[in-house]
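Each of the two complexes below includes subunit A, the first together with subunit B, the second together with subunit C.
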Partner chain A sequence: MAKAQQPLLYVFLAIPVTYLVALIGFPVFYNLVMSVQDVNLGNISSMIRPFIGLDNYREVIADPSFRKVFINSILFVGVNVVAQIVIGLSVALFFSREFPGAGLLRGLLLAAWMLPALVVGALWKWIFATEYGLANAALTSLGLVDAGVHWLSDPRIALTSVTIANIWFGMPFSMILIAAALIAIPRELYEAAALDGAGAVARFRYITLPSLTATLLAVACLVTIYTMRAFDLIYAMTQGGPLDASNVLPLLSYQFSFQQFKFGIGSAIGTFSFVIVFVVALVYVRTLKKEAVS
Partner chain B sequence: MRSKRLSAGLLSVAAALSLVATTAMAAPKTVTLWHVFNLDTDMIYGGIEAFNKAQDEYRIEARVVPATSMVTELIKATATGSVPDLATLDNPVVASFSGQGTLTDLSPLVAKSEIVKPGLYFEGPWASAQWQGKTFGVPRDANTLALYYNADMFRAKGLDPDKPPRTWSELRAAAEKLRDPAKNVYGFGFSAIQAEEGVFQFLPFLTQAGGSIDKLDQPEATAALDFLVDMMKAGIISKDVINQRQYEVANTFMAGNTAIAFGGPWELPRMEKEAKFDWRLTLLPVKDDKNIAASALGGYVFVVPKGAKQPEGAFKFIEFMSDPKILNEGWKTGRLAPRTDVKVENPRWPQAYGIYREQMQSAKARGPHPQWPDISKALQTAIQEALTGAKPSAQALQDAAKKIQPILAKTPL
Partner chain C sequence: MSVRIATAPRVGWPYTLIAICGVALYLFPIYWMFTSGLKTSAEIFANPPTLIPQNPTLEAFAHVFARENVLRYLRNSIAIAAPVTILTLVMGAMGAYAMSRLRNRLVDVALVTVLMLQVFPEALLATPMFIIFRALDILNTFAAVILATTSKTLAFALVVLRPMFRQVPIELEEASRVDGCNSWQTFWRIVLPLMRTPLIVVGTLAFVQAYGQFVYALTLMSDQELQPATVGIYSFVGAEYADWHRVMAFSSVFVAPVIILFLIMQRKIVAGLTAGALK
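Then we have the complex of A and B:
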């Protein structure tokens, strides 16, 4: 029986492997090839281009804008992961109180996540406009600030602004994942703990959090991967400016390739992004495995 | 009965099929065109329809590509070898494509052409499509910048709307008066975004001050940038301009948040619909001690990518679109003709038409240079550094000059 199935199993194996090699492996490989070549508009259509070793990488690392953008990316991703998990967890806990309409409202929150990033970007650009934006109108009427904040045009604030927008954009997704895991925690545990005299804080600390660890780690990985490739939202809000203050690696790679026509440099930056995402994806796969075992 | 009907049906199907087959054989050759004009009143729509009706050798099949992704799309097409036969490119980027050998040399076709004659074109637009003595494109339209001003605000602040600012000092004085922080009104607006648009809007100041892109380390360039930095420091220009595209600057003008703004003629259709006040146009100001009239040249160029299957058909359409009769229609959406033999009679927005026609005389082309994007990027950085206060203007421009001069030393402008 098992033997008869074997050829078919290889077919099953071949399908995803072919898919991965053709549609994921090849672009990654092609990107690597371009990153060690001198690629310009004139030779982009042929595979044979001057090999220049690691020159593109050297140029990238020596470029002060790359260093700035690299740090931006780490900050952008780091803050997003922490904020999306903390806010997502709080909101998920809030909705788990099961008040009337909780399920519906939780679903509606997801609407933000379903909007196209370019639309969300345009919306936040409007909210953050200095003169007529909602953010400044609200803050000044509450008396929190005297003069309008230059959310998107002050290089010291721009990264914070795009981070806030991205947290708003991505948080509902994290929240839904966490909410699903919350539902899976057996009610009896809480009842038993309550009988033993555990308070709300203790129940959260000793039941909720340990049961969610695996999920939270998975969410952290997913958020890292999603924000690492953030492009449209920032493109719509600031184009990475002013002075690369809100720029991130994917956008910088795009700018080098399609605005400066330095495709090799763009590819080299792409490699940096890829390595980071790949490592995080490995962690994610390992977490999933552990979850499956437990 | 039934079988009769069936056979009759079959017969008509066969007849229809053979009809399809014969028309397919005589079918015109398809010429694919990518363009960026999304207003259906643009001359290109009427042009395509008329061209397809006027002859049956070629048939234009058009695809609208958003202006911001045209370059990306064309690069992707070049990389995969599936290029359109014809495309419209923003003029400063043409040299990057032609200089690196990705466009078809149109010189032989132009030499034979009865309609596309180099002598008939304005110098700037024609130059933008030339590289090393060869013609890689034909200008489709031209545009430049002028000053939009809110005449109602002029009156409210005791300024004479019939006497708009003519010099830098008059501009600054008027803008200072028009500024009204309580009503969120800024005196002056222009786009300083970190993109080609920002450079397009800064270059007029640079030229008016007597500076040029190859001499950014000279005091003239510093004077130009300082003029803007000082106005921003004084609160006459919003800090948000460093993140505003040109259409967003026009938005703030139409919303009554900016009293005087830089803008192109392509904003006119929108301005007519959305600006609910007395808006007018005037020439760009000159610097008091220099008196150099200057603006930057914009516009789109028809190019035939290398590898196009129907270059002749594409050029036929270029000729068709270069006919003064078609070019006359361009002004309906605020597109000026790149040719000297086109003069619109009874133009829409007559006052604006006069201003832009006159401003065109001093419109200077960007480049042409295959590395214009690098040159432009260096200047964008300097503008933003100075406006955000990261560096003093002189320092920022000197740093830009250090990046630009080696590029120009290798390939001069």
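Then we have the complex of A and C:
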């Protein structure tokens, strides 16, 4: 590369990176600062606020609703990761067979993922309506339930309901990523295995799965990151209720900050989410690097 | 050839039929959204619900246009999404080009920084952004939401575009320099035109993301006149009792452009997504 071109390239690099550091990096740092301060509506405008050490964190950890929401988040994210990968892989395998229209039909599924998350939440709130909703009508007509299920107002079921909606929303994206990796597996591997007498199950176990390990790990990281940020969908469906039954960390943090104006507490809750996504992002970046090398 | 058939069976039309049924079933909620908007107030509360509207009517659509300010909401959504798209494309193209051409540790650091920064949930960034934008005195303006949203779409654009820019052969640029183009002219006249398709894909995805933006609009703007359609729909479903045919009519009008863009661009979007997330 000619030296003459370098200065412009550095300017090109600096502009977007500076933008992101200013608009994401700085807020993340500022969140950490607020989490060790006493921030309320009175002092939010001034930059000088009392530092109170880890008091916010102590208060958060002592709060039973935080523990409940923390466990909810783990369940919500965990079930999403497993379900999106298992369903996504199955669907991708189905479409990897050669039949007319396979590519087009597979791509169409992505329509669900393209919708704004808030609209997806509104739509599933309507589907899960107790009295006139589609879900209860379908289940009763199939004879699976006797009376209408209170999908969103029963504290035992609400988390399941928002999880189902989020799996529907996110699965097509996971599936498309897995499908792309499936296509990249060399045909010769399967041909050689078939000649050696390997059956379909053996080929899946010894060729498909090992070839997909890196991709599945990357997809698991991405689903974790995307699910950890789920806000719109749950906010539209249940607002985290009833009684925090379907609440997750970002939503709880938002409620403390913008509904109770306890900004310090909200920021401390935010830190927990930051740590989780940060660790997952490290794994993700490492996976990408390994793949780039190999 | 016989081996190939044995390992990758050409399964043919029966599979197409199964696939069509499966995809239709999966996307049924989207059908449900559009058809619920076509029902009357009486039919929306029919038990069991009717799968096909018995007396399809545009009443609910007319209502949301006349009474719920759908046009104002849509205008606001576009007023946010269009500048976000432009900012994302300009900065995304510059950054991705630089990342694809410079090869040193600084670029590695920049790339990892971008990858790490894209993971933080918006709902958590909203509080510090609220305070920063308050200090800058731009709360309650489109600018606040545009700047905040661009941080999300830009990180995504850089990740998707970088591998695309790598595919432009360096020889082309060297040739243009021999012809007397300076580095800006090379970028503008040679590289960018070759990147037209990826830029259209990234622009579409950035537009769709910004168009559906909710958290930043909710937190950074309190003036209802400025709110985009997502907040409008939310205020509609947030109530205990919802007129579902009207909510769905509003949602249908709002997502129709997204669905149309998706149908036109489907193939290219799929290719762009897979290139970005895993390479």
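One rule holds in what follows: the second predicted complex is superposed on the first by the 273 of 294 C-alpha atoms of A that agree within 3 Å, B and C clash if a C-alpha of one lies under 4 Å from a C-alpha of the other, contacts with A are read in each partner's own complex, and residues count from 1 in each chain.
Keep in mind that, in the parts below, contacts are C-beta pairs under 8 Å (C-beta built on N, C-alpha and C of every residue); 3 or more make two chains touch, one makes a residue touch a chain.
Keep in mind that what you see is a predicted model, and the values were worked out from it rather than measured.
Partners subunit B and subunit C, brought together by superposition on subunit A, clash. By the touch criterion stated above, A:Ser35 is placed in contact with neither subunit B nor subunit C.
Residue contacts after overlaying the shared chain place A:Ser45 against subunit B and subunit C alike. By the touch criterion defined above, A:Gln260 reaches subunit B but does not reach subunit C. Here subunit B and subunit C are compared by how many residues of subunit A each touches, and C touches more.
When the two complexes are overlaid on their common chain A, residue A:Ile176 makes contact with subunit C while staying clear of subunit B.
Contact with subunit B, but none with subunit C, is seen for A:Asp154 once the two complexes are overlaid on the shared chain. In the superposed model, A:Gly241 makes contact with subunit B only, not with subunit C. Of the two partner chains, subunit B and subunit C are each touched by A:Glu131.
In the superposition on chain A, A:Phe278 makes contact with subunit C only, while subunit B stays out of contact range. When both complexes are aligned on chain A by C-alpha atoms, subunit A residues 44-45, 125, 129, 131-132, 239, 257-258 touch subunit B in the first and subunit C in the second. Within the complex formed with subunit A, the subunit C residues making contact are 3-4, 6-16, 19-20, 22-23, 26-27, 29-30, 32-33, 36, 44-49, 91-92, 94-95, 97-99, 101-103, 106-107, 110, 112-132, 134-135, 147-148, 150-151, 154-155, 158, 170, 173-174, 177, 182-184, 186-187, 208, 211-212, 214-215, 219, 230, 233-234, 236-238, 242, 244, 247-248, 251, 254-255, 258-259, 262, 266-267, 269-270, 273-274, 277-279.
Considering their complex, residues 40-42, 44-45, 125, 129-132, 150, 152-155, 238-243, 257-261 of subunit A touch subunit B. If you check the complex, the residues on subunit B that touch subunit A are 71-72, 75, 78-81, 96-97, 100-102, 184, 186, 193-195, 238-243, 252, 255, 257, 307, 373-374, 377, 381, 384-385, 387-388, 390.
Of all the residues in subunit A, the ones that touch subunit C in their complex are 1-2, 4-6, 8-13, 15-17, 19-21, 23-28, 30-31, 34, 44-45, 47, 94-95, 97-112, 114-119, 121-127, 129, 131-134, 137, 140-141, 168, 173, 176-177, 179-181, 187, 190-191, 193-195, 203, 215, 218, 222, 225, 228-229, 231-232, 235-236, 239, 250-251, 253-254, 257-258, 263, 266-267, 270, 273-274, 277-278, 280-282, 284-285, 288, 291-292.
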